[in-house]
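Labels run A, B and C following the written order; every chain starts at residue 1.
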Amino acid sequence: MGAAKQQAGRFFEDFKLGDRLVHATPRTLTEGDRALYTALYGSRFALFSSDEFAREVGLPESPVEDLAVFHVGFGKTVPDVSLNAVANLGYAECRFHQPAFVGDTIRTESDVIGLRETSKGDAGVVWVRSTAMNQLGETVADWVRWVLVRKRDAASPAPEASAPTLKEAVAAEDLIVPSDLDLSRGDTRLAGAPHVWGDYEVGESLDHVDGVTLEEAEHMMATRLWQNTAKVHFDRNARPDGKRLIYGGHIISHARALSFNGLANAQMIAALNGGAHANPAFAGDTVYARSEVLDKAETASAGVGALRLRLVAVKNVPADAVALRGEDGKYSPEVLLDLDYWALIAK
Amino acid sequence: MGAAKQQAGRFFEDFKLGDRLVHATPRTLTEGDRALYTALYGSRFALFSSDEFAREVGLPESPVEDLAVFHVGFGKTVPDVSLNAVANLGYAECRFHQPAFVGDTIRTESDVIGLRETSKGDAGVVWVRSTAMNQLGETVADWVRWVLVRKRDAASPAPEASAPTLKEAVAAEDLIVPSDLDLSRGDTRLAGAPHVWGDYEVGESLDHVDGVTLEEAEHMMATRLWQNTAKVHFDRNARPDGKRLIYGGHIISHARALSFNGLANAQMIAALNGGAHANPAFAGDTVYARSEVLDKAETASAGVGALRLRLVAVKNVPADAVALRGEDGKYSPEVLLDLDYWALIAK
Amino acid sequence: MGAAKQQAGRFFEDFKLGDRLVHATPRTLTEGDRALYTALYGSRFALFSSDEFAREVGLPESPVEDLAVFHVGFGKTVPDVSLNAVANLGYAECRFHQPAFVGDTIRTESDVIGLRETSKGDAGVVWVRSTAMNQLGETVADWVRWVLVRKRDAASPAPEASAPTLKEAVAAEDLIVPSDLDLSRGDTRLAGAPHVWGDYEVGESLDHVDGVTLEEAEHMMATRLWQNTAKVHFDRNARPDGKRLIYGGHIISHARALSFNGLANAQMIAALNGGAHANPAFAGDTVYARSEVLDKAETASAGVGALRLRLVAVKNVPADAVALRGEDGKYSPEVLLDLDYWALIAK
């Protein structure tokens, strides 16, 4: 009776190669989401703040912040993919296909594209490609992620091992620029800085200076806003140390918002190439961020360039005070996030 | 001069049987309320999350969460009814008459339907029937509640005692199903679970598994959002113990949101039959919830069934780890909420 | 390279008399801002809560709370004016020219109208007149403020000293009443109190009774909502004492919301004549407020009167328990805010 009605989540042996998972709770984006994103992260990119600025650069109105759309789409996959995950191992090939606007309804489906049992035999790696769609069925964003999932029964037989081949980064020519977008038409005074695509060099480093101290109420409100239900974020009794683990996406959004100070014209995210949540973050930690320019590319739009950036968030020390990795090759303990992404920037 | 202009609230002798109280501050519902409700409670019922899902089941768009409408309507009564309340004794016969949507303006009026001085003579019980209306004057929800209110002057004469006869529960045939609502048309994959009306049995118990730790900033933001002004929620100096008492409605909303895990298709609340806030909740407490199916009924709509549910919220222990009442018949100290309500669920 | 791209803020010698500063990040107001303002401050003025009430008194719909518009407009000036400020010295001559509504896009420009190097020569006072405009280029609000700004190089030459002449208060005849506004048409039961313009006397004092304890998550969400980036509000490492300083505007908004209890019909702010943030506020402090009627005036609208009010916020003691200033003429240590403003009130 009762016991069967709660979501226990899928175990490793519940995933079959080629399965299509239809995730619950479609979500209509509202003006409230826009305001809450600003209240939670203080984002200042003009494109996501002003309808007028958005129209000047070719969009019909200001879209919902790209990371908010990603968090909403991602959150829907948690109950079906990672409720029994031992570890979130990585993500790759995330592309934003088109902006989402207030009134759009986002839902997500995932294809199981890889399975590999661990040598120990009590868990396995599951790869899924997830697609967030709007109410017209058009893709808004898609991405691959892979997680280590427990087996319900360690004795159950292993599936044939199959792992997808993933790109190390989305190729510049595969980046999707919204049609009619021309960031060069934006007033750089209103955008907040004069520096555009041509002013950045590969290898350049930027310390984003500002910091933000994390609060329980804020990370929980954010994570609930995306309807992400993983209990470690909300229940102080869920972990032995009594701490609530902060959703990795909360750190990404803070770091991206901090990066405005140095990258004001890098208005949109076109792709997430990959990332690692190197260490956990908890309330009371203070987040700082720095960026490194990994690559530059032209795009199909004459007024839009692309920067491939490594965005590093650290805790409790200035962003440039710590090496990404120690001599042992492991992330330094202060590193929270190592994110590789493509931004679209005015030319 | 000045002293007369602040709201001191009504004392027991200020209430007259038959009085009609027009409460202040009508409130237009916005998309911001929808987003904040999600951020504060993480509600995942598809009907309140997706305009598309709402249209599939017969509504013009996604309504504002029913409990949010209740909190808004209820909050308006506080300055006139319970500012000098010693205790909130109970509520009954709450029915939701129609959904409210973004753009609707809610105001509340209350009729004094019962008065009874206490034997001690320094306070009295006041019963009011409150009606929350939209801008067309249509009833959105109504309910009865009764509170123990201090007298301004213990020597003032007692009114003739009069207590209304209240139903132990709203009868199934009195439940109002929104016209055109057919929850059976909703995709249960998008709703989050396959279990519909026919899958639940009277007497069945559901542990909702997940928990949420309470924060000062969250309960205060919620309570202010409903413009509920009772000072014990906001001012650490208002109680001798220096704690801010959490509004009971905050616990109801958390418990209802937690109940998604087991009751995903029970999308709407049709009636609140009664409830008790058995013990106070404070920031730092962690809330868990369980439900018991008390009754089942058909409704006027072929695709909509009704479940009468007892929703129990407890603090700091698993939801099923504690009896509702001890051997002395009193609520166990861990019990926060004992709520009896009717939900509408897909058939 | 990198170092030049972050905002270091202007130093004293970077300001030239007559300069026009175009501030970054125009901001479209949303329904989410309205809801968050309610959630953060619990404002209950009917005009800002109900579209229906707003129409009854002559506006097309409920505007965005006037202080929210001020905070948005003000926040934009911080990166260009006060990032290197040693002290915010004052503001004056703030007038609200017209209400702003959901969908309006606010941007701000500032004129440098005064410069005076300190006698010590390592800093200087900068006066700016800032104008917040909507998308049509119409003025929504304007104000003067002056700040003490560090010099980059103490040896750089002093500019010719020039200080503007500022009015001690906006004259009653210069107050702008929105066209078609007639607050006397509002139902005072819905507004929350019967007391209108004629019921207040110059010299009258009002203790607003209620109090609110401040939280880190709330003041940070508020300050980010206004895209105000001053790091002392967000980063616990920014001050030697490890405390996050609460944005003065957060205190103004709390005090104004508390003042509803006594001033329910004083629906709108027409002007801020000046104010002092007498002492810092931190999370954990509890704010109380009192008002004094400084002056009364008729306005161009027959149904709208004006009250000049001194709004005083104090911390951790009842609002009337402490003198504004001690015998030494200095603000008492419990005083947070001393604000002189004009409110529009029903006649």
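We take it that a residue touches a chain if its C-beta (ideal position, glycine included) is under 8 Å from a C-beta of that chain, and two chains touch if they have at least 3 such contacts.
Everything numeric here is computed off the predicted structure, so don't read it as measured data.
S.K.: Note whether the interface between chain A and chain B is symmetric in residue numbering, meaning over half of all numbers used appear on both sides, and answer same or different.
M.R.: The interface of chain A with chain B is built from mostly unshared positions.
S.K.: Superposing the C-alpha atoms of chain B on chain C takes a rotation of how many degrees, nearest 5?
M.R.: Angle of rotation between the two copies: 120 degrees.
S.K.: Rounded to a whole Å, what is the gap between the Cα centroids of chain A and chain B?
M.R.: The answer is 36 Å.
S.K.: Could you list which residues of chain C touch at least two other chains?
M.R.: 30-33, 35-36, 215-218
S.K.: Applying the document's contact rule, which stretches of chain A touch chain C when the two form their complex?
M.R.: Residue positions touching the partner: 30-36, 38-42, 44-46, 49-53, 62, 187, 189-193, 195, 199, 201, 204-213, 215-218, 261-264, 286, 316.
S.K.: Given the complex with chain C, which residues does chain B contribute to the contact?
M.R.: 1-2, 5-7, 22, 24-28, 30-33, 35-36, 79, 102-103, 105, 107, 135, 215-218, 220-225, 227, 229, 231, 234-238, 244
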